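We just call them A, B, C and D in the order they show up, numbering each chain from 1.
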Amino acid sequence: MTATFSAPQGGLRAWLKTDAPRTVFQSAMQQLYRGWRRFATHPLGLAGLAVILLLVIAAVAAPWLTAYDPIAQDMVNRLQPPSAAHWFGTDEFGRDVFARVVYGARTTIYIILLVTIIVAPIGLLIGACAGYLGGWVDEVLMRVTDIFLSFPGLVLALGFAAALGPGITNAIIAIALTAWPPMARLARAEALSLRKADFIAAVRLQGASKTRIITRHILPMCLPSLVVRLTLNMAGIILTAAGLGFLGLGAQPPLPEWGAMVSTGREFMIDCPWVITAPGIAIAVVSLAFNLAGDALRDVLDPRSGE
Amino acid sequence: MRLSLLAATAALALAFGAPGAQAASPANALVIGTQLSAVPSLDPAAINARTVSEIVSNLYDNLVMVTPDDLQTIRPMLAESWTVADDKRSITMTLRQGATFSSGNPVTAEDAAWTIQRVIKMGQVGSTDIALWGFTKDNVDQLVQAKDERTLVISLPQPVSTDLVLYSLAGASLGIIDKKTALEHEQNGDLAQNWLKANSAGSGPYKLTTWRPNDILLCDARADYWGGAPAMKRVVMRHVPESGNLRLQVEAGDIDIGQYMANSDIEALKAKGAAVDPGPGLGFYYMAMNTQDPDLAKPKVREAFQHIIDWKPLAETTMNFNGFPWQSIIPKGMPGAPTGEPTGYQYDPELARKLLAEAGYPDGLKKTLYPSGDALLKMAVALQASAKKAGVEFEVVPGEHTPDFRARKYQVLVGNSGTRLPDPFGTLVQYAYNPDNRDEAKLGGYYLWRTALDAPELTQLVTQSKSETDPAKRAQLFTEIDQKFKAMVPSLVIVLQRTDPYVIRQGVSGYVGNPTWSTRWHDVKKN
Amino acid sequence: MTTVDTFNRPARFLRMRRLSGRTLSVVVTLVGLMLLTFSMGRLLPADPVLAVTGSEVDKATYDRVYQELGLDQPVWQQFLSYVGRVATGDMGRSLTTGQPVSADLLSVFPATIELALVAILCGTLVGVPLGVAAAVNRGRPIDHVARVIGLAGHSVPIFWLGLIALILFYAKLQWVAASGRIDILNEGMVPPITGLLLLDTALQGEWDVFRDALGHIILPGAILGYYSVAYISRMTRSFMLEQLGQEYIVSARAKGVSRRRMIWAHAFKNIRVQLLTVLALTFGGLLDGAVLIETVFGWPGLGQYLTRGLKMNDMNVVMGAVLLIGITFLVINIISDRLYRILDPRTR
Amino acid sequence: MSNPLIEVRNLGIAFGRGAAAVPVVRGVSFALGREKLGIVGESGAGKSTVGRALMRLLPPAARVTADRMAFRDTDLLAASERQMMELRGRRMGLILQDPKYSLNPVVPVGEQIAEAWRLHHKGPAREARERTLAILEAVKIRDPARVARLYPHEISGGMGQRVMIAMMLIAGPDVVIADEPTSALDVTVRLEVLHLLDELIESRGLGLILISHDLNLVRRFCDRVVIMYAGRVMEILPAADLERAEHPYTRGLLASLPSIHRAQDRLPVLRRDPAWLAGAGGTP
């Protein structure tokens, strides 16, 4: 029966709370609502989410938050301490540090989105195929994953970044190449446990092809734990990007990127600490936020993995 | 179980708390904090960089030397005296008596002859300064010979100013090697190159005790040095990559001399009473334009590019200890060099825009800008911003680009140069000398060649200045070359003359940076 | 009577097959490592010939060396000769240090190993009690505080922390040394046995040199250790929670066991083995942090050697260092698997 | 009941705090002398909770209230944790259901038994070792020296439960609470362990609380029986008088038991009467 979205009696709350959802959309919304309720019980998780929202707002509303151009140099008032004019002071080229941190949020969001777009599909696909198909496919894919996993993230990213050459996009590709293995491992574990599930057997009985089963059934099931793992690993990804920036293999000047800002700012750290402090705190707070939100999310999305 | 954890933490805290008073650098040892990263060898014939030249010039003695305060006067060292033949085609040098190598063998003319022949035969970067005078693998054995124990005769294949030859003999790469000891360690005819990479066989005031690349260098003084035992019994060079770390150590008194420090750290130490030797160098900071690029081939574009560099604030702030404003290819104070403040090109975005429009680029230009290395990144970023105002859009690509510069694979590049010849010819041969502009020639050593700009007239004048023996005529030649270089709207825009600052802790005296990079530790004292 | 399994295959055969199965996967992974480093080396923008001959070289020698390096052979043949050379320990010569890469690795690697070991010690001394406290007081404020302290360790940029610690503990308090592994006075005083200074000095009873070396390693080690506290404390917490819910805890308390003994002698005893694998994984992760910490503290280790190789486009160094790190990682995982089997009575 | 070992009056247990508190046990009263008292009821009736409450082994979220809950003259509610530590094992023992989980998997069983002794008795390790071997023999384990060195996963279920009993008796408690001691064992071993337990309890004159869901077992094995339903005590009566139970719940339970003597094609199903939940309290 087609569900017309009539104004439900008792308003939205009741609509979300009724035990008998009438449409798929409503049940999905209810699940989301219940998930949110459980998420809201985590004070630290909420704090993390708040910071992430702040990051998004800063990135989107950067031009309104500060009148300064993050790239324009103004040698006259170079290395000025924080003041009314410059909330976070100015850097060695006289650029406003607050503006660069705010516009730096755009770079960080760019890193997060690009890594997610690259890592999630690769990880999911390889993991799900390996887990579901098993046999030599599993052996080969897992060997490849093991090889990538047998390198610490930053070292491998360093290698690729140097090979691909400097620039934020190359750095992100390098990071993505090191970030997908844990996702693949996770997706494989999920797929293995689902392979024997009855509803998968049922679908197979209906004549569904292997690819259809993987894409339509296995992948969606892997999503929750993948979202959690990605959120938790996002902190590591941001830190790796900052590490690359610190070693001069990250963003090209004058693009404001927190890691590069800390790297060039460290030269003035002792006399003008504000140049390095603002981006340093930004990196710390955002990656901490992702860690906390990830922990809380893990509770909501796959409680059986326990605390 | 719990107890063992507590015990371990207590032990750590105890150790943490009292590793003994921080041992300030000892009274009779000199500790230098520097960068030891790109030092592939300690063999005089295989090196030309600044830090390693300083090391080598204390492990080995030269035949002659120049002192930091007077780069023009050639002073005796291992050679007591020398005479130039009337036809100015040969120099006869008499070695001093009583100088010995660290192995105890006496220093003889044979060691000197063999050393010079070895430098030419190896043909590595150490030979650039001396190979200019026409010595080759084939002729060097006949041209450089030891007449007897104490007499060395050097005949010149082409007419060359003998001062130039003597200047090159003063360079660190011509440090005299103990032939007998070296040949004992020769491996399948490599003239002991492999052994000398990490060992010393010289007659200098110090001998090498420990060398770990990228970590530490230890040299101990020789009490029996012919020039008198140096005051400092041991000299340590420690690799301190982080400038902030180095500055803290100088402040705390653990390190006496700080090299390659960031400007803000130098300023802070200067404010706290440390002495700063500006260390003028024989080289320049420049912006190079590859004239194989169609846009940059146009003189009007190059002229416009002369006005996009805001060099005043650059010299006062970002690069204040790295150089002083200079726009000539002859180092300041050298014969033929202009005097006073540079008057050539000023920073003028409007003029640059106008010139670009005239050259057919009304809405400006977009090029890639390579820093030659990490040290040049901040100059590239400053140039990027000032050029933007003049309508020139630079995309800065960080990284190590010297190989690209040598291979003509770049558009615009900022870099710095350096030479050890205390004579204008040293820089002119780099900036105004391009004997063969063809790609196949691969003359990577000449900056003009790297920009693919052919300048036959200038090249001829520079060759002439090499062979001209009369000092007055040479000075007049140098001035003419400088003017002609500026007149042709060159592909190399000189911005600053290079300075390499040394920070010297209070209480340390006698450490003077030598522009030819042969900074000697012999007279350093601590009170 | 040899014990047989259901398909009456003797246990010795089974163990052999499982062993060979595992060594096969190790060999495959090893070759995979070399494939990765080989391709990484090939991608580096540096010209391998110039790395050998230096930048000024005429056409003739350029071609000779090009031929010598086998660059004219097909790629897979080059890879095979690369594997052959690496097997004999020849990883080519480094452009920046002039020494053979294998010699460099021998001198820099112990420094990083020692730094990582001290870091793991610090990380464990802080991470484990933090994790246990968080688990035992689950949900209470100390649980959240422990988690934030742990996570902060992983979120704060390590190089920033390093610099601040330098200013505080070196410049102001003069408790520790600023750079290098040992004071110049003690340089070369103690003949190396293992290459680990703390061990060498302790074995030979040179106690004040030991304290000096400790003064040099404690700060970078502690900061690197703090970097791993997040992972160690989080894993300890989840392992402990799992054990505290077990029935044998109730029976232990029913015997009259004190709370402290219940936590450490019973619950913790059960997770020691699992913690071992966590520490093994942490050791790998520390190599990440070492790359940054070594730069800040001028620590002559593998991390700095690799980053300099990357900066100078020194191909042989990059391939050698990344391969060594990969192999170390592999060896650690194998050892932790083996130890897991030996130490856990249930799987012996 | 003259001086009882354990006396419980109006015991209430709830989980969670304030409004969200969930009552699990309400108004339970009984007393234990030197006898074998069975507590029987369906799963979820709160019998294990009562057993663990007596030894204060409930998780921190539990709220225990009672007019009186005492072991001899020690008020178990007000006792400090230090006092409880002395009491647990020394005065009261607890035998759990499945040895696979209730024994520490990484510690040899002998050591776990010796620990119970050493917690309450100073003395050289040699004495603890002797005591352990003695108690192992008391629970009829052959070759105690070898078994003492084994790990829990290396011994059978029956032997594991004997180790459990040994562990709880070595310190000489006066009261033993056995929470479903034989449910995890297969039938043949079950009787052996029960007889062993019975013999030890009788010979040492201890008080036993046997918690079980198996009515037949309790009827044959215990002196008195406490019938619990939904956290309340329905009835307390001598095991022998079970047939003459008055409370409808008890009779309903008995009726639903299959019996070898009476062939029945359909067992009657217990109909629950909400009234049973209303009043509270059974005769002490």
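The rule is short, and it goes like this: a contact is a pair of C-beta atoms (placed from the backbone, for glycine too) under 8 Å apart; a residue touches a chain by one contact, two chains touch by 3 or more.
As the structure is a computational prediction, the values presented were derived from the model and not from experiment.
Chain C has the C-alpha centroid lying closest to the overall centroid of all protein C-alpha atoms shown. Among the other chains, the CA centroid farthest from that of chain D is the one of B. Separating the centre of chain A from that of chain C, both taken as means of CA atoms, is a distance of 26 Å. With centres set at the average Cα position, the gap from chain B to chain C is 39 Å. Between the Cα centres of chain A and chain B there is a gap of 48 Å. With centres set at the average Cα position, the gap from chain C to chain D is 51 Å.
In chain C, the residues that touch at least two other chains are 163, 167, 269, 295, 311, 313. For chain B, the set of residues that touch two or more other chains comprises 242, 244, 248, 374.
Shared interface positions of chain D, i.e. residues touching 2 or more other chains, are not present. Applying the touch definition to all chain combinations yields A-B, A-C, B-C, C-D.
Residues 46-47, 50, 54-59, 94-99, 104, 107-108, 121-122, 125, 128-129, 163, 166-167, 170-171, 174-180, 183-185, 187-188, 208, 211-212, 214-215, 218, 260, 264-265, 268-269, 295-298, 300, 304-305, 308, 311-313 of chain C are the ones touching chain B in the complex.
If you check the complex, the residues on chain B that touch chain C are 1-2, 5, 8-9, 12, 15-23, 25-26, 29, 31, 37-41, 124-125, 197-198, 209-210, 212-216, 218, 236, 238-242, 244-246, 248-249, 251-252, 254, 374, 400, 402-403, 406, 440, 442, 444-445. Contact residues of chain B toward chain A in the complex are 242-244, 247-248, 262-265, 267-268, 310, 313, 317-318, 374, 377-378, 380-382, 384-386, 395-399. Every residue of chain C that touches chain A in the complex is listed here, in rising order: 25, 28-29, 32-33, 35-37, 40, 43-45, 138, 144, 147-148, 151-152, 154-157, 159-160, 163, 167, 230, 237-238, 241-242, 284-288, 291-292, 295, 306-307, 310-311, 313, 318, 322, 325-326, 329-330, 333. The part of chain C that touches chain D in the complex is made up of residues 246-248, 250-259, 266, 269-270, 344-346.
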